[in-house]
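Look at the two complexes coming up: chain A is in both, with chain B in one and chain C in the other.
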Partner chain A sequence: MIKVKLFATLREGRQKEVVFDYFDGITGKYIIDMLDIKEDDVAIYLINGIDGKINDKLKDGDVVSIFPPVGGG
Partner chain B sequence: MVFGYAGKILRVDLTNRRFRVEDLNLELAKKYIGGRGLATKIFYDEVDPKVEPFSKENKVIIATGPLTGTSAPASGRYMVVTKSPLTGTIASSNSGGYFGAELKLAGYDMIILEGKSDRPVYILIDDDKVEIKDAGNLWGKLVSETTDFLKNIHGEKAKVLCIGPAGERLVKIAAVINDYDRAAGRSGIGAVIGSKNVKAIVVKGSNKVQFYDEERVKDVVSNKIKMLRENGITGQGLPTYGTAVLVNIINENGIFPVANFQKSYTEYADKISGETMAKDILVRKNPCYRCPIACGRWVRLKDGREVGGPEYETLWAFGADCNVYDIDAVAKANYLCNEYGLDTISTGATIAAAMELYEKGYIKDEDIKEDGLSLRFGDSDAIIGWTKKIGLREGFGDNMAEGSYRLCQKYGAVELSMTVKKQELPAYDPRGVQGHGLEYATSNRGGCHVRGYMISPEILGAPQKLDRFSLEGKAEWVKIFQDLTAVIDSLGLCLFTSFALSAKDYIELYNAVCGFDFNQETILEAGERIWNLERIFNLKAGIDPKEDKLPKRLLQEPIPEGPSKGHVHKLSDLLPKYYEVRGWDEKGYPKKETLIKLNIE
Partner chain C sequence: MGRYDRNMNMLSREENERLRNFKVCVVGCGGLGGYVIEMLGRLGIGYITAVDMDVFEETNLNRQILSNVNVIGKYKAMEAKERMKLVNPDVFINPVVEKFDIENGERILKGHDLAVDALDNIETRFVLQDICEKLNIPLVHGAIGGWFGQVTTIFPGDRTLDVLYKQKVKKGIEKELGNPSFTPALVASIQVSEVLKVLLNRGEVLRKEVLYIDIYSQEYHKIKL
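Coming up: the complex of A and B.
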């Protein structure tokens, strides 16, 4: 199982959290395609809170957090 | 003809209730840009660094920059420079809203307040007409009461800067508030103004800032506005959610301090996030002068009142840092800070430290029994109740009004104060962001995130993504960020423009407005000059370079859980490199050749 957390504008028209069944070879790219999120809209992509790449293979149980471009201070 | 600058300084002698208008020294202005830089230079030349902050010898400089009040985007900023009663360092606190621009349009680059009035006064500035007026009836009034009253007399167009009851009572974490809800928040500057018996400054301006090249300014400005609109952060993220959008990002990275930095991740962050604010309490945006980003929020409190909304730092300080996940309570505490004139970061963080002192048994039930409030982490009523008591120095709030360092010191537990140079750290746990921790340790005004915002590259990926745990190149990054920030602060623009704009863009604006020929090298050198001058002030004030440190907890106790689990901050590995890239000796004193290179006497 992969838990996917979406934030900010990525929540518009989607759930905050989406769960994907794990399969060997599943990546962030697959997930954002399934969720209809454009690659350009992914500014911060974390796997278990650590910076990842959307083409990295995921492990069963991973938590993925996806943010559009955001900032503050 | 003077371009960009107003060309005049208003000097107010409060002791003798006199004022004088002086010409701006343009050569000096060019060397230190304006705003934070020029005010620091003038302050340094006129005030003994050893001055007692509440004495009449301390001065307060309220300074605009050459771009303040122009058509440049986000150009409503001004800076308050004085010696801080909280840190003992130079204080320079920045604010937006409309006051700064109005001051410039009234014809002044800065106001210098000196001496001390023997009774409450306010200063009225209507272009070249200046009056020092009695404010006896305003003493004790909240910020909105004061602002309403003064606008009633002097007109809706008048812009008001004032202190609340906290500044009057010399609360060491008191802020200066302008336009009802914009704060020059940090380092206790509100108390310095209070010590001078100044309740408010009212300004009306009808001039226009002159440009060296009108046509070029028009082109450059529209190009920069376009860049801000097209950038994901300044065109989308900040306009939609305000700074509060950071709550979830920072928490997901496991660097969101919880319960006075005892943990750095919480499963409840979403309850106090920008997303929740937008859904539940947001009324509209609340932008500053000429700002296309418009990150400010206007929210509805539970009782129906509509007021300025909390920033990210505030949602953290009263929220996670006190282990409170009740957005209505946090919005209320934020509102009270604006009314009493308090710094939200230091107030929330001081309450958090008091909660840890209480839970560890230092503060006893009998110490607070008269107050009728608890000091338990997670208590929403406590954050509201203590904020008021700090603002009034009432009951145990009197101890908390000294800030967390002095509070913890009183109980022999300074290690529980999450401060640098006695100023409360903001909302990022440096154990999981190494460069940002170096910025905390070296900031010239003590614990602070906006002197070199390393969260930008280390977390947000702007202008490029850096590995947040790595030490590689961080000293150099921090130096450049600090120097560039000094430039932006001195120009009078909002720091948030830097998510989209770079040094080159600021130079184009500055040169077009003033007719100067700055380039990348000379502008960053000006920033570095400002940084070093602040450092020298602090050294002469008696701040030992050994104070370039972080609380023991952050250096020795690994983060216990969450995505940054196991990390500590590696300051001792970073600091020598930082001193080296700064051209300082290994003890942290600027080398002579560095000062000569920067042309600092």
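Coming up: the complex of A and C.
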């Protein structure tokens, strides 16, 4: 099982937390595609609280956190 | 010294006096930058460079503290100077009416103790990070979008923006959400507290971590990067 935590605007039209069944080779890229999140909307991407890459393979039990970019002033 | 009485005993008299010798460069005088300059000036930071090439527009009035109906069409950096004359005449404001970029950035930043990122676009934030690194100047980054914001403090070599904006997008969620009155004030306050701690070398700063602020859900996440 992979728990995915979404933050800020990524929650719009989605849940705060989404659970995916684990399979060998599952990545963040697969998850964001399934959630219909654009890659440009992924600014901070954490695997178990540590900076990760969306193409990194996930392990069963991993927790993924995704934050969108904030850039205004 | 009556002006600074309420800064004591949070700061010592000696620390208060030291503040007037610091030079801080605020890049961007809009939503964030206006509040940052206001608060740095009230603290008694002696020399503040205010960088912005824009003039005030009506759409700025909802949030930018340096704006009012009488200054529409006037340069934001120049208005920072006018306002500080009223707020704290001890503070010298050096207005720079230029677009901060790779060509002029080094000249503008040289000689400052610290820079504040109050820009409104991600591309120029990377330029600022590069030049701060080259000049060995710490950088306090802040960004806002709607109900959301973030703050981090970047020391030379940290390159924290590379982690925060992996996709190097030009705009964030603010392009859809805009910015209300309260988010810039909140994020600017946190930025100023970081500036003060870095200058006085005390307290804990948001180094290699970002405070991600969600005031819609009132969630405040401190994330190690």
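The rule is simple: the second predicted complex is superposed on the first by the 70 of 73 C-alpha atoms of A that agree within 3 Å, B and C clash if a C-alpha of one lies under 4 Å from a C-alpha of the other, contacts with A are read in each partner's own complex, and residues count from 1 in each chain.
In this text, a contact is a pair of C-beta atoms (placed from the backbone, for glycine too) under 8 Å apart; a residue touches a chain by one contact, two chains touch by 3 or more.
Since this is a predicted model, take the numbers as computed values, not measurements.
Undergrad: Thinking of the overlay built on chain A, is A:42 touched by chain B (first), by chain C (second), by both, or by neither?
TA: After superposing on A, A:42 lies in contact with chain C but is clear of chain B.
Undergrad: Quick check for you: in the superposed arrangement, does A:8 touch first (chain B), second (chain C), both or neither?
TA: both
Undergrad: Return first, second, both or neither, reflecting whether A:27 touches chain B, chain C, both chains, or no partner chain.
TA: Once the two structures are laid over each other on A, A:27 reaches no partner at all.
Undergrad: On chain A, which stretch or stretches are contacted by chain B in one complex as well as by chain C in the other?
TA: 7-9, 43-44, 46, 49-51, 65, 67-73
Undergrad: Mind listing the chain A positions that touch chain C in their complex?
TA: Within the complex, chain A contacts chain C at residues 7-9, 39-46, 49-51, 65, 67-73.
Undergrad: Within the complex, which stretch of chain B touches chain A?
TA: 231-234, 236-238, 240-246, 248-249, 252-254, 265, 270, 274-275, 295, 311-313, 449-450, 453, 455-456, 459-462, 465, 467-468, 495-496, 499, 562-564
Undergrad: Mind listing the chain C positions that touch chain A in their complex?
TA: 28, 30-33, 117-122, 125, 142-150, 163-167, 169-177, 179, 184, 210, 212, 214, 216, 219, 221, 223-225
Undergrad: Which positions of chain A touch chain B when the two form their complex?
TA: 5, 7-9, 11, 16, 43-44, 46, 48-51, 65, 67-73
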